[in-house]
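My structure is below; once you've seen it, I'll send some questions.
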Amino acid sequence: MARPSGPPRESPLSVQAVPVTSGRAPEGLTAADRKRMLRVMLLSRALDERGMTLQRQGRIGFYVPVEGQEGAQVGCAVALDPKDWLCPGYRETAVALSRGIPLRQLLSQLYGDRADLCQGRQMPNHFAFREFRFVSASSPIGTQIPHAVGLALAARLKGEKVVSVAFFGDGATSSNDFHSGMNFAGVYRAPVIFFCQNNQWAISLPRSKQTRSETLAQKAEAYGFSGLQVDGNDVEAVYAAVKEARARAIAGGGPTLIEAVTYRMGPHTTSDDPRRYRSAEELALWKSRDPVERLKETLVREHALTEEEFDQFLEAARAEVAAAIQEVEPLPPPDPGTLFDDVFARRTPQLEEQRAAFLAELPGSGGRKE
Amino acid sequence: MTELTLIQGVNQALREAMKADPDVVLLGEDIGVNGGVFRATEGLLKEFGEDRVMDTPLNESGIVGTAVGMALYGLKPVAEIQFLDFIYPAFDQIVSELAKLRYRSGGQFPCHVVLRAPYGGGIKGGLYHSQSTEQLFASIPGLKVVVPSTPADAKGLLLSSIFDEDPVLFLEPKRIYRSLPGEVPDGDHRVPLGTARVAREGSDVSVFAYGAMVPVAQQACQGLDAQGIHAELIDLRSLVPLDEAALLRSVEKTGRAVIVHEAPRFCGYGAEIAALLAEKALYSLKAPVVRVTGYDTPFPYALEHLYLPSVDRVSRAIERTVRAA
Amino acid sequence: MTELTLIQGVNQALREAMKADPDVVLLGEDIGVNGGVFRATEGLLKEFGEDRVMDTPLNESGIVGTAVGMALYGLKPVAEIQFLDFIYPAFDQIVSELAKLRYRSGGQFPCHVVLRAPYGGGIKGGLYHSQSTEQLFASIPGLKVVVPSTPADAKGLLLSSIFDEDPVLFLEPKRIYRSLPGEVPDGDHRVPLGTARVAREGSDVSVFAYGAMVPVAQQACQGLDAQGIHAELIDLRSLVPLDEAALLRSVEKTGRAVIVHEAPRFCGYGAEIAALLAEKALYSLKAPVVRVTGYDTPFPYALEHLYLPSVDRVSRAIERTVRAA
Amino acid sequence: MARPSGPPRESPLSVQAVPVTSGRAPEGLTAADRKRMLRVMLLSRALDERGMTLQRQGRIGFYVPVEGQEGAQVGCAVALDPKDWLCPGYRETAVALSRGIPLRQLLSQLYGDRADLCQGRQMPNHFAFREFRFVSASSPIGTQIPHAVGLALAARLKGEKVVSVAFFGDGATSSNDFHSGMNFAGVYRAPVIFFCQNNQWAISLPRSKQTRSETLAQKAEAYGFSGLQVDGNDVEAVYAAVKEARARAIAGGGPTLIEAVTYRMGPHTTSDDPRRYRSAEELALWKSRDPVERLKETLVREHALTEEEFDQFLEAARAEVAAAIQEVEPLPPPDPGTLFDDVFARRTPQLEEQRAAFLAELPGSGGRKE
């Protein structure tokens, strides 16, 4: 009998302690780089502010905030190559911004208007941008994880030196597809990064009740590859971890699971009321670890940034969001006839028939079809 | 009698069942501390404790698989699937295990689990918070499928489901969770499974609907009275087993049929209703059977209002059917 | 032309496709070293190497999810599900991802995967090696569903599926994998999706079947010739998209319809065919539509021969339909 | 950044090395006990011999052999209480025999005859014996794993001091339900034992390609509880491991994953030809580790068994099987009308109608129904 893996460990903390990180700027990341990262984080936060309000005002139908997780998302996205494939969930707005996807396109998706590349077919925040290799996000949890494996294997087969990254939350580690994707990646040594944002909550379920494993990172051991935990609110630490994982993947060293320990400072979505399940103290503790503040303080401490400059950045971000909203809001909804497109590459005879009946019956189409 | 919303009817049925029988246990995502994302389980954790109201990890095959195990022991688990759209990770457990255990074991292992799932459109939920896929489950032998459309039926059918002997998928039309309150009998109110409800009598055409399409069809029927069209509205409510007798009785009387559901038309549940009529009531039919349904596309977001059968669309279909031939 | 079995037709289509296009890759359980439990992929690992013929771990959602990822990149993956009965762990990937990616992304992310799965009864496979659940997939917008019944169609439809632009579930009637060899065109033989095949012309009644029920229905039809009953047999073969025109044309001619499939009747695929007739051919129908199907039970083991539609049952149903009214 | 779990490890062996076990008889297991275990193992083997032949002769439709895994199965079953719940797969014949399920009942299931408790509804070896808490086995891999968790939680809720045991193979560790069941068990500390028979193959896929984790046992770490590897061909070591896991579960210490390292000496089933994928050398190596031979040798070495006695045991087992076959073979198939029973607790009107039509059309029922 061998290898008892030790007795179950229970953490005394309801919320996991944040691991220590090195503190020094990772190789290759200049002050200018970090300021650019800060600006993207601020842009995401400004979008969150307005997104939440637009929903309350009934101007958009729903919103999913990133607030608190910008460090993890931007740190990760910046460490990647623009050709790397991204397989996001519904909470990856800062990743999208970091990749350079125009704010206007994001807003059109939030509004579900005629300029939305997704034709208004998805709820807000379920983005898709083929041109940016930002794969279409869906609502079911975890499904994007094996997609990343397939993309990575395809890229390798075609001799392209890129990785794919699956983005998901702590809750998603319980999903079936986490298990499928991790196992396939291990078996085929796929050049993939599993980027888990452990934001402590899956709606109302705390991390401690999601799984009894001490860390999420250690789940990689079940699949024979490396897992590591990183302070997700330290954008530089995240950057370094992803860079390293990417280099290993490209070198044929296989996948990595990165657990970025962070916090969702807002509600799960605009449909959620977090006061039902978590304490004000917990929120306050994590607000004190705000990744935006943290990066700002580092840069200020290093004399790479002044308070005034920071305020200007924030104002600029807000202005950019406001301008984009103004531009997008007047756009009309998608053309009704598009309802029947993209089910298949070409409409089937049945879809043609339904479409014709639909158009004939549309209010304002010139009357009923009998 | 108390005036309740549909979701309150659900909540009351759960509470009654748990009070009456210690073997009734609940499990699902966010059902405990949070009381369910739609508040179906509000207050139950406090009242019955976390051994009987279990917040689960994010995994539907775990929820259903664990519930199956509990049922094999003899408990009466009621599992919540947060949205019907998220039931698919549990599909194997439902199709291969839950629905087949009694049969494959020669009756040795009955497996009585109730799966509750909010379903349907009308809440701007887009592709993944709106779907109606009852046909998938109705086609699996061994599974009952129930859909209430009123608060009283929500309570009465859920209590019957919990104390039934077979696995039941209990679909809750979330669009009318709160919008249409109604009188609900107090106490142990039961509505037998397998019986349709005549929501409205009529002589000119039979309209078949369930869930959130019942009030839509109801309104359409009422509007047609003025035109001298008297439609009979049947709320199917028990999709499996289907009250075939009620259905045939109505069509034998009216000679015409309109079927309304939110799900896409092709291979939807309405196909079975139409097929039954083509098989067993052909000689009564005076006009083609008409299905008013969602279109054969995924569920859209921005154009949802054009996708779902509306009062207007149902009215026109009824009119057309009555005027035909 | 070469005489091949149905499974050889499948094997040949896979080989042709892989030779023609380096983007075609195969994945599945036991498909490499073992050549597939039914030998569909025999010889392909040796010919194309393990990057293109991938033996996978035992996990269907991994198989389909990985294939989806490959397709998003632009490859043309063909995944084998060892038995259709084991596809359910992948159901979420199929319903929520594969079928919806193109739609939800506004056409940005087409997702062309072929899923091959042996299906159906007649091999004494009991509950879990026999099921026909095509209706589950046919009701999902965005997914094509194809079922060959001859070796030539197996090859021609599979090649068309692999080079189609949409996801295709390709169901292989395992009962006739080897039992009914036939002539198969050499080379790049394609049969267009969406077209039914008139397996036999007739004037008295239209019989609709697919998969392993085609030869059963064929035999039934032949037997009835002697009695002066001339049945037309339509092999549907493309369940989605359905060749509705062919179906209606036939019933407009014959005025009678018998639908044959192995799956249970209730909410089976035959319901859609019957519903279409009730909607669009009611005035042509001279007799009730009849469905000859598996019973509404799980698939049995010892009594399989009594469960499946037999030549005798189909014959009787045709006779009854022709004699009706 | 913390806890890199180390680089991926590759095993030089295509087949895993067998871990060392203690060798001494576990506490509470007398020579008489071990002889009883040996006899059950021999009974299973005798049944396998005949089962394979009956299938080849067309007398039964299919057969799933246990050969090679009797040590793991009997060692486990004997360590349990008769009230513990068993959630088997299709290869647990020796578990069934060990629990005392009559050979005749097993054979009736293989024949699918009128005395079969499952009414001839399942393929051979898919047993179900409610009276023995031997839950109905199905073909889909892994589905029984969360059932064991549910049974364990139910028993605990009812205050019954029992455990449940999920039996599954190395291939099943890749299944979604392995992940679900393990995670739920960890979170709720369910009194359950996950008994994995790593027989090195999942049909044609070797263990090394099933997952890149070094051992299957270590997968427990992902769920925060103990996993251990045991020599599955050493019946006593298995017994000890299961006893310990059971005691921990009953004491509230939560679940255990046990990886019993063993070997499937026969084909996957009668439909399989293992020569297509594995070598004669490998088989020979594992034949030299045959658990039956191993137990026999230990007992002989301890002078608790003679060669003659062993031969008598084997003969007795064969005779018992032969007698049961003779008894069962003449039994008729199930009554056709039963086809429509047990879909639901009571037949629905639709099923009544189909049944009536079916009976009227049955050959010999007195003619056609028109």
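As written, the chains take the letters A, B, C and D, and residue 1 is the first residue of each chain.
One rule holds in what follows: contacts are C-beta pairs under 8 Å (C-beta built on N, C-alpha and C of every residue); 3 or more make two chains touch, one makes a residue touch a chain.
For clarity, every value in this text was computed on a predicted model and none was experimentally measured.
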> Is the C-beta contact count larger for B-D or for A-B?
Replying inline: B-D
> Which chain's mean C-alpha position is the greatest distance from chain A's?
Replying inline: D
>> Distance between chain B and chain D based on Cα centroids, please, to the nearest Å.
In response: 39
> So, what's the distance in Å between the C-alpha centres of chain D and chain A?
Replying inline: 43
> Where the CA atoms of chain B average out and where those of chain C average out, how many Å apart are those spots?
Replying inline: 30
> Whole-Å distance, chain A centre to chain B centre, using C-alpha means?
Replying inline: 35
>> Counting only residues that touch at least two other chains, what does the list for chain B look like?
In response: 57, 59, 61-62, 85, 88-89, 92, 96, 100, 103-104, 127-128, 141-142, 242, 266, 296-298
> By residue number and range, which residues of chain D touch two or more other chains?
Replying inline: 116, 119, 121-122, 126, 138, 140, 174, 176-177, 179-180, 183, 187, 209-211, 343, 350
> Taking the complex as given, what residues does chain A use to touch chain C?
Replying inline: 85, 87, 116-119, 121-122, 126, 128-130, 135-136, 138, 140, 143, 145-155, 157-158, 164, 176-177, 179-181, 183-184, 187-188, 341-345, 348-350
> What part of chain D is in contact with chain C in the complex they form?
Replying inline: 61-62, 112-113, 116, 119-123, 126, 138-141, 171-172, 174-177, 202-205, 209-211, 271-272, 276-277, 333-334, 336, 338-340, 343, 350-351, 354, 358, 361-362, 368, 370
>> For a test of understanding, state which residues of chain B touch chain A in their complex under the given definition.
In response: 29-30, 32-35, 37, 55, 57-59, 61-62, 85-86, 88-89, 124-129, 265-266, 295-298, 300-303, 306-307, 313, 316, 320
> In their shared complex, at which residues does chain B touch chain C?
Replying inline: 61, 85, 88-89, 91-92, 95-96, 99-100, 103-104, 127-128, 133, 135-136, 138-139, 141-142, 240, 242, 263-264, 266-275, 277-280, 282-283, 285, 287-291, 296-298, 325
> Which part of chain C faces chain A closely enough to touch in the complex?
Replying inline: 25, 51-52, 54, 56-57, 59, 61-62, 64-75, 77, 89, 92-93, 96-97, 100-110, 141-142, 144, 164-166, 194, 241-242, 244-245
